[in-house]
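Heads up, the next two complexes both have chain A, just with different partners, chain B and then chain C.
The block that comes next holds the complex of A and B.
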């Protein structure tokens, strides 16, 4: 495929990105202010703290949980979250009988509005290759032992559809309010590679 | 399309190796590539074209480059294919960026 009449791209990736950015700015395809606003939004405002609030609400309000499991996209929008990479959401519930795990074997589809941008391991070959063929071994590497008899369900995201795990509420959290519950919920627990601990 | 991106079930990929306290971006250029991809108007290309351009990457290159390097490759290829700029203009931008970097060194 390589065309040897062409100059090869610089080996310094940062330089290559600078060149592309300058060209796109020059062509008027992007604007500098927009770029800065996008970075601010995804680096600081969108992240797993959003999904944690959805989980805490579901643990606290059975009617909300029912709506979330029946049709997740509008239920998540009730808390103000939605948009790019979260247009069609499905929430899968962990119970004493079922443990859910999310992956995108083909690329790196991930529910941005509730979890933010995905970690490197989620996008890299080992997790994508192995989550579907040996999920229990992968979970063990994350320190999660799933009991015999508990079914492990692996959800492979599609181009449009995104999943989020509703983790099991840990014992001993009966007296906690939504904010305190949300503080216990980690990104990994909403991907399914961790359990939520009570402390 | 069956291709190297279709990783589900593939053997020999090694351990998952999650990173502790991982930052959202690992380098400033990752921030810039992410923002460029998001900022280019949807009328220029759609998400399926974006994904397909990554899926067309040469297999060895796909496996040996990172997620945001895939995005960079994709934007370069797709913008040329969509007629937004010529390959020669991109090469000129590479050489300008290199000169600017050398000048400030």
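The block that comes next holds the complex of A and C.
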């Protein structure tokens, strides 16, 4: 057969997905437009910029921070964020005495509405195992030195409960507005593998 | 204090990587189908997480594999099992359809859109 007579099929895996998708479409269990919209949403609109706004609000508004730490899901919804993997959120606060670190030891549970989809390393076996067994060593590899005397708390996310870290507000940011503060907050700082720097 | 020797003995973290969410379109499609089926109530999110965890645990020896390919392969295997167990589609339907798509590709001249009907006969 000459090359132009046929189209080379994609990988077996891609064909499995195509098979499943076409069956689900045929059965009316999913709709093509909705699937496209979901992909668009996660690629463009859902990401750590959402969590950064939550953090900046908490740093700027003590009442909001109190609501966020008491019951995170409705407080996060106040800013318009919620949905899949954000149903039961808990926000844990870093202080001068406690540093919090997030992991999902079983798979990849992660607070999508505020952080987007997790980075590859979060889903990988080394992080899932070592965040629990040697969190200080893991933090050190991320460049975070935790002082002696500071307690490291590791939070294992589950299908029912997902965590987000409220990082410590850096010194020297007293005059900044919420947008400027949000710009300082990184994804990694809300997972707990980085600190927020005042640039 | 952890010694450097210990650190190098443990699997390394692929830190600093910040790639795309999906390496290939099929990964995004598998992701979107899962989100949608759950949103439509065909299964709960905790049910999904249980299936995904089982696939990941079964692969736990592959500690050095930490790319999107591995993860979404586990994701797809979990989705196929959950879809089967929920009676949304059978494994026979899925493998039959996969073969049809493969034939449709092979029957379609390069550059032309692929339609499932091409599985049975070459398009005109």
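The rule is short, and it goes like this: the second predicted complex is superposed on the first by the 187 of 199 C-alpha atoms of A that agree within 3 Å, B and C clash if a C-alpha of one lies under 4 Å from a C-alpha of the other, contacts with A are read in each partner's own complex, and residues count from 1 in each chain.
By our rule, a residue touches a chain if its C-beta (ideal position, glycine included) is under 8 Å from a C-beta of that chain, and two chains touch if they have at least 3 such contacts.
Nothing here was measured: the structure is a model prediction, and the numbers come from that model.
**Q** Return first, second, both or neither, reflecting whether A:35 touches chain B, chain C, both chains, or no partner chain.
**A** A:35 sits against chain B and chain C alike.
**Q** Looking at the overlay, does A:156 come into contact with chain B only (first), chain C only (second), both, or neither?
**A** A:156 contacts chain B only, not chain C.
**Q** Between chain B and chain C, whom does A:172 touch in the aligned arrangement: first, second, both, or neither?
**A** A:172 sits against neither chain B nor chain C.
**Q** Which partner chains sit in contact with A:116 here, chain B, chain C, both or neither? Use first/second/both/neither.
**A** Both: A:116 reaches chain B and chain C.
**Q** Applying the document's definition of touch, where does A:74 land relative to chain B and chain C: first, second, both, or neither?
**A** In the superposition, A:74 contacts neither chain B nor chain C.
**Q** Looking at A:136, would you say it contacts chain B, chain C, both, or neither? Reply first, second, both or neither.
**A** The second partner, chain C, only.
**Q** Looking at the overlay, does A:24 come into contact with chain B only (first), chain C only (second), both, or neither?
**A** A:24: touches chain B and chain C.
**Q** Please identify the positions on chain A that touch both chain B and chain C, taking each partner from its own complex.
**A** 6-7, 9-10, 12-24, 27, 29-31, 34-36, 38-39, 42-43, 84, 106-108, 116-117, 119-121, 123-127, 129-130, 138, 141-142, 159, 193
**Q** So in the complex, the part of chain A that touches chain C is made up of which residues?
**A** Going through chain A, the ones touching chain C are 3-24, 27, 29-31, 34-36, 38-39, 42-43, 84-85, 87, 106-109, 116-117, 119-121, 123-127, 129-130, 134, 136-138, 140-142, 158-160, 193.
**Q** Quick check: in the complex, which residue numbers of chain A touch chain B?
**A** Contact set of chain A toward chain B: 1, 6-7, 9-10, 12-24, 27, 29-31, 34-36, 38-39, 42-43, 47, 84, 103, 105-108, 116-117, 119-121, 123-133, 138, 141-142, 156, 159, 188, 193.
**Q** What residues on chain B touch chain A, complex-wise?
**A** 5-11, 13-19, 22, 24-29, 31-36, 38-41, 44, 47-48, 51, 54-55, 58, 63, 66-67, 69, 72, 75-76, 79, 84-85, 87, 89-91, 93-98, 100-101
**Q** For the complex, give me every residue of chain C touching chain A.
**A** By the definition above, chain C touches chain A via 2, 6-7, 10-15, 17-19, 21-22, 24-26, 28-33, 35-40, 42, 45-46, 48-50, 52-53, 56-57, 60, 62-63, 65-68, 71, 73, 76, 79-80, 83, 88-89, 93-95, 97-98, 100-102, 105-112, 114, 116.
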